[in-house]
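Several structures are given next for inspection.
In the two complexes that follow, chain A is the common piece, with chain B as its partner first and chain C second.
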Partner chain A sequence: MLEIENLKTNFNTYDGVVKALDGVNLKIEDGEIFGLVGETGSGKSVTCYSALKLLPKAGEVVDGTIMLNGEDITNASDERLREIRGGEIGIIFQDPLSALNPVMTVNDQIGEILVLHQNAELQKLALEKEIPTLKSEKWKASPGVEFTIMAFCISFISLFVMLGQWRFSLPFLFVIMLMFLRDYLQRYNPASALDLMVIDALSRVKLPNPEQIANSYPHELSGGMQQRVMIAMALAGKAKMLIADEPTTALDVTIQAQILQLIKDIQKEENMSVLLITHDLGVVAETCEKVAVMYKGKIVEQATVEEIFSNPKNDYTKGLLEAIPKGSKERLKVPNLEETSVL
Partner chain B sequence: MKEILKLKNLKKHFPVKNSWGTDVALVKALDGVDLKIESGKTFGIVGESGCGKTTLMRTLLRLVEPTSGSVILSEEITGNNFSSNNLEDLTSEELRYFRKQIGVVFQDPMGALNPRMLIKDIVSEPLVIHGKTDNVRSRVIELLENVGLGEEHLYRYPHEFSGGQRQRIVIARALALDPKILVLDEPTSALDVSVQAQILNLLNDLQKKYDLTYIFISHDLSVIEYMCDRLAVMYLGRVVEEADTDELFSNPQHPYTKALLSATPSFDKNKDKIMILGDVPSPINYLDESKAKLATEITEQEKLEISAIEGKGIDYIVRSSLNEVIPLVQISDGHYARVRQQ
Partner chain C sequence: MKLWIYVARRLALTIPVLLGVTIITFYLSYGMGDPLAAYVTERTTDEQYEMLAEKHGINEPIYVQYFTYLKSVITFDWGYSEVLNEEVSDALRYRFAATLELSILAFIFAVATAIPLGIFSSIRQNRWEDHSIRLFALAGSAIPIFWFALVLQYFFAVTLDVYFPELNWPITSRFDEVLWEIKDPIDMNTNFLLFDAIAAGSWIHFKDALMHMILPATVLAYSSMATIIRLMRGNMLDVLGQDYIRTAKSKGLSESQITYKHGAPNAMIPTVTLLGMGFAGLINGSVLTETIFTWPGLGAWAITAMRSLDVSAILAYTLFSAFLYIIANLIVDILYAFLDPRVELSGHSSTAEIVIVSLSILLLVTTYFSVNYAVVLGVIILVSLISFSLYFMGVRFWNNPEDLWLLLLSLGTLFVVWSILSGFFMTILMFLAIFYFGYLAYNWNDLKDSLTPKFDEFKRTLYQIRKNPLTMLGLFLVLSLISVAFFAPWLAPPSENQRDPMRMEEHFSFNQPRNFQPPCYFSCTADSGEVDGYILGSTDRGYDIYYGIVWGSRTSLDVAVKVVFTGTFIAVVIGAVSGYYGGRVDDIVMRVTDVFIAIPGLVLALAIIAVTEDTSIEMLMYALIIVGWPGFTRIIRAEALRIRKLPYIEAAKASGASDFRIIFKHVIPNCITSVIVIATMDMGGIVLSLAALGFLGFGGGPDLAEWGKLVSFGQDNILLGQWWSFFFPGLVIALWALGFYLLGDGIRDILDPKQRN
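Our next item is the complex of A and B:
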């Protein structure tokens, strides 16, 4: 599915060049859950951002090839990359509340992805059900007209208030109220093919009352529900691969168990590949089939889950496993680590 | 067994107001907590976000006033000089003295350190405030050496340190006034496992050296199991189970405790899993009687999740079944849980 070969990424800083990735080789097969573990600064997130060309300005991929389904996307055009991000590859980030737009309803956010990546499907559904594809065709005048009416009303109101004849401003006030009322009604009236598809996407991640959730803002949902919405968004573009960057770090253990179960279920149903990036070895042990351990921009060990936990070969992996408290009250062994250096 | 602190039926209710300013509901952050904290031991408090762990800590320090109930201090803290052993009745002088006896370490070390102050000023600040101004410099160096830092770190700013070192500085500051109790509010949740191991070892060493009592708040059960001698599990402002750590981990009684223990990711793939289905209910209790009680029937979300999980051989409990309040009963010596007696 995704194949990364000898990937090298540098960050140019004022203090010099930081070699964030120093020759990373990864191969993720179709339909497997692959875990990428490492501590802060080991380069696990940078690997995923480099693969999707989402690096900040200072970062730069200097060497290596990235293959997606046999297609070389190392030097892909911006248009092609835009198709891949959210289309073939869906991403979930650590903190759902900061990844969701606080001023857009869930409906609008998932709708955006569907319009970008599933437009053909959308048109088909609209033809079948004989409904408009987007709500705006039925309900909304163009935003320019709405704005003009609003500005017109407000200027008249202020004019009459200034003249001391506030009674004359009442009809204009009434018009403004009507416009708000229409907006409100629109929010609670699913009428388009897009709405149906959004509701379908939300029910796939086992959210109750998808109609109601579609019309709510992110802050109205609990942490677990927000993460479910994020997963729905990542899957909306019919993704064949899901990259989950620390999907449960911000959640409680009980909610974490629910979300991991959901990811496992969906992976099985859709036969997707999942790349799970995490620092928690326990999460990896429970969900993944294969694991790669990263340290200082390199993959130090790669094996199946059973092997890595029963018989770790690399010293760093051993140290990492020993540092976790495991019931006994013996003194914890601290792995001897050097800090990531600036070169 | 020597108690250092005793919580008696401690309650803290926060009012929820509507737009007219009248109370419509109460958030019962703490709803009748009884605990005895032993001297020289580590007492753990576990629970999810919103269960009242942090409010409990804040009431212990009297940063918020409890609605009812009391915190009883032992002679070890009062030294027989106080007018009362109830935290609520202390005079401001006595409260100052009390706060010297109790140090706090918070979750996020960067948030707890002033980015514009030098380390020497940060660590010496409690000393200056409490008037221990002789030999400040040597005392600060001694404190830093205690936590594995040294004289060369005196003239640096917090941003020059790594996460683990910052947490060490916070611990050094908390120990500046020779406290008897150290409250640790998720001290390692912002750290990597290797750094976490260092900090946990340091805390164990310090406890032995100074005979400290720890109140350890965390949601990470492996850390709790490693550190604590006794443990209380909280859910929605109540203690649902309390026991010695070994007893609680080997013989959990309350369904929530069982599920929490099994929800922790582990390396053992064959471990029996119990999922908790549904979302944490809102802790708001409406004063209006018709809405007052938390519903105990199964919600929509739970129905959906049950249908998703059925037939996979996974045990589950639903959150709505936890909403009913059952009195605490004694299971065995020192083991209490909110379960129905057969």
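Our next item is the complex of A and C:
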């Protein structure tokens, strides 16, 4: 599915060049859940951002090849990259509240990705059910703009009434009436094809009451619901691969388990590939089939989950495994980085 | 439903602010000389004077007078304007339409240009497009409004007239009197001329009104555009770094979709909050613009009133602008609630808020029905407020005697302010420097280790200054103008017998000058026969522009340094204490600043100066400090409020540090970045206000070398082709302000850790 070879990424900072990735090799097969573990700053997230060219301005891919289904996308055009993002690879970010746009409803945010990557489906659904593709948004502005128009009209009306020239206020009165009329008519608008597909996407991630959630803003939802919305968004474009960048870090333990279960279920249903980035070995043991351990921009070990846990070869991996609290009286031992062989 | 509660709450909160504004305007009227001067002529007998005094309640005690005034305010009996021979409320009603029409057009101009420019500048960050837009924006706030207006007038009336004599572009007034009143009169029902022209269906009238409007609207718009551009750019940069932008990118949206669908709406939210301020800027600016373009609006009317000391008109104007400003901010607040779905609409009112609002309403209602009862109520409220606060302070200091340093601090603040204003400041600064170096020497061993990283930091700062061409330009401008002030005696030597080099009249009378000389640049000797001729020309009174500019830089530097130091000092102390403690102290400080901020700065300064009839440079400084401190304090307080919630303050508290130590060791050093940036910017802003006051004829005596006044000398002779007198001094003001703005902007970028990469 996704194959990364000798990927090198640098960050240009004032204090000099930081080598965030120093020759990363990864291979993710179709339909497997692949775990990428490592400590903070080891380059896990940078790997996936480099693959999709989502790096911040200071970052730069200097070397390496990225293959997606046998296609070299290292130097792909912007257009091709935009097709891939969301359409072939969906991403879930770690803090769902800050990763969702605070001033757009869930409906708008998921709708966007559907319009971009599922346009044909949208048209087909609209034809089948004889409903409009999108909501008739000809006159629908953002609430702020609508309010501004309203405030202008009301202030002009009051001004003209105050000045004793009420007939000049008639056109403004007319505008206000039109706005109310439009609101009234929109109440009887049939749901558009887009609405139906958004609700469908939301119910796929097992959100209760998707109609209501579709019309709410991100801050009105709980953390678990926000993450489910993120997942729904990543899946909405019918991507064949999902990158989950620490999807459970900002959530509490019970919600974490639910979200991981959801990702596993969906992976099984759709036979997707999943790249799960995490620093939690427990999550890896529970979810993944294969795992790679990263340290200082390099992959130090790559094997199946059973192998890593039963027979770790690399010293750093051993250290990581020893650091897992076992609930015994044995003192926790943090891996001493200076002693490990990778250095 | 929730929204209506929110609106009602915001409306209720404006009542105490308005009440506070009436206190200020009343105090202004009370503080001036004989309030009956306008009614008294040579033939007034003592008896008549007594009757007048009786009628106007002059002999009553001050609190009775206040409530009488308050009653007249709320019943819209705003007095009679002697200058215009009409009721003030009638004049307001008639002139407000003119001002509003101009302001709305200017506002639309400004917003429609500034927001796209700001967005464009942010997506081209640090490229030449960005640099030029930033320069354009900064120039907008640095160029004095009145100078820009004069330049435009000169260009349209004189320069263009040479090439297109048939264009005949109008540079004064609101409409062509001949057309509108004699040749083809149409109904002026609304007094919004554009509407009237449309209602009458007359293209000629519409064109005429629009042509008259374009120049003043452009001037007004350009000055308020600057703030919006810079804010929009900053907010966009902030928003574009957010996580949800990355999400949008990962969905496969294109750059432009990301910018306009995800970036701009989020960046608009904080921008909208500043639009209220932008409106205040328009009111400030309309005073100057209307005066220059003789626009028959409120601003020009207020200036006429101030020049002839028409008290009722001055007070009415001050009150009215405060009222407008509050309304504009109310609208903006409500708009904000609409734009940002995260805003908690219900908001819960504190007890203090409810008490203050209900007391104000009670007071207003009582005043409306009976002044006497209101006096009793007001005295009861005042006495109980004072005794309550004394009681709480007493309890506090009784329980925590170590908090008495707060009292010492306020005494110390007063002392420093006094010392700066009275000229002792340099002595005290020297003492402070000696103490500081002593402290350094005493702690040398501890300091030695901490110096190396600081040196690195310094090198990094220098590197960043050198890297940014705009900051270098600012530094250059600032340094060269300050050195002009320093080397003034050598650059423009005063005449031998001159006692005070700052007085142009003396320079003039000792120099046997010639009036109205055009600039001769470098060939002065050949042209005028004098060695030190008029390099930059002379005014119609014979004042040497070059001499005025060089010595005027001393006035500017003096005023700017003193006002900025005093203002910043007051602001840092009050802001840090009120932000750190929060609670009751904070409530009181914030209500007081609310009242001061509600009155547009230039208007308040003008009113203070006009009412005290004292145009000395010291009075100007007091006025500028009174106007400036609330804004400073607000910013510092917001910083302190942010800082006090940070974990390291908790840590300091947990390790047993006293409040004094936390405020001075943690809170103030951590908001010093914004203090430096604000102070630098205000070095420019204060000179702009000073020049505006000087331009309007309140500039420290008739012949003090002051840039704004020099500009005003040239104003009357524009049509005679005398451009040098307004052009050069205005240019220097603009360069001064631009230099400090660029420097402040650069410093902010450097000190902001987020900008480093």
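Keep in mind that, in the parts below, the second predicted complex is superposed on the first by the 286 of 343 C-alpha atoms of A that agree within 3 Å, B and C clash if a C-alpha of one lies under 4 Å from a C-alpha of the other, contacts with A are read in each partner's own complex, and residues count from 1 in each chain.
Following the convention adopted for this analysis, contacts are C-beta pairs under 8 Å (C-beta built on N, C-alpha and C of every residue); 3 or more make two chains touch, one makes a residue touch a chain.
Nothing here was measured: the structure is a model prediction, and the numbers come from that model.
Legend: residue contacts after superposition of the two complexes on their common chain; A:Gly31 is shown touching neither chain B nor chain C. Using the contact criterion defined above for the overlaid structures, shared-chain residue A:Glu286 touches chain B, although it does not reach chain C.
Of the two partner chains placed around the shared chain by superposition, neither chain B nor chain C is touched by A:Pro132. Of the two partner chains placed by the overlay, only chain C lies in contact with A:Pro102; chain B stays clear of it.
In the superposed pair of complexes, A:Gly23 makes contact with neither chain B nor chain C.
On chain A, the surface touched by chain B in one complex and the surface touched by chain C in the other have no residue in common.
In the complex of the two chains, the chain C residues touching chain A come out as 97, 189-191, 195, 199, 241-244, 246-254, 261-262, 265-266, 268-269, 272, 331, 334-335, 338-342, 460, 756-757.
Across the complex, chain B is touched by residues 39-40, 206-209, 222-225, 252-258, 260-261, 265, 279-283, 285-286, 309, 319-320, 323-327, 329, 331-335, 337, 339 of chain A. Considering their complex, residues 12-14, 52, 54, 56-58, 78, 81-87, 90-91, 93, 95, 98-104, 112-113, 116-117, 142-144, 146-148, 151, 159-160, 163, 165, 168, 217, 219, 230, 233, 237 of chain A touch chain C.
Put simply, chain B touches chain A in their complex at residues 48-49, 162-163, 192-194, 196-198, 200-201, 204, 219, 221-223, 225-227, 249, 259-260, 263-267, 269, 273, 275-277, 279-280, 299-301, 303-305, 308-309, 314.
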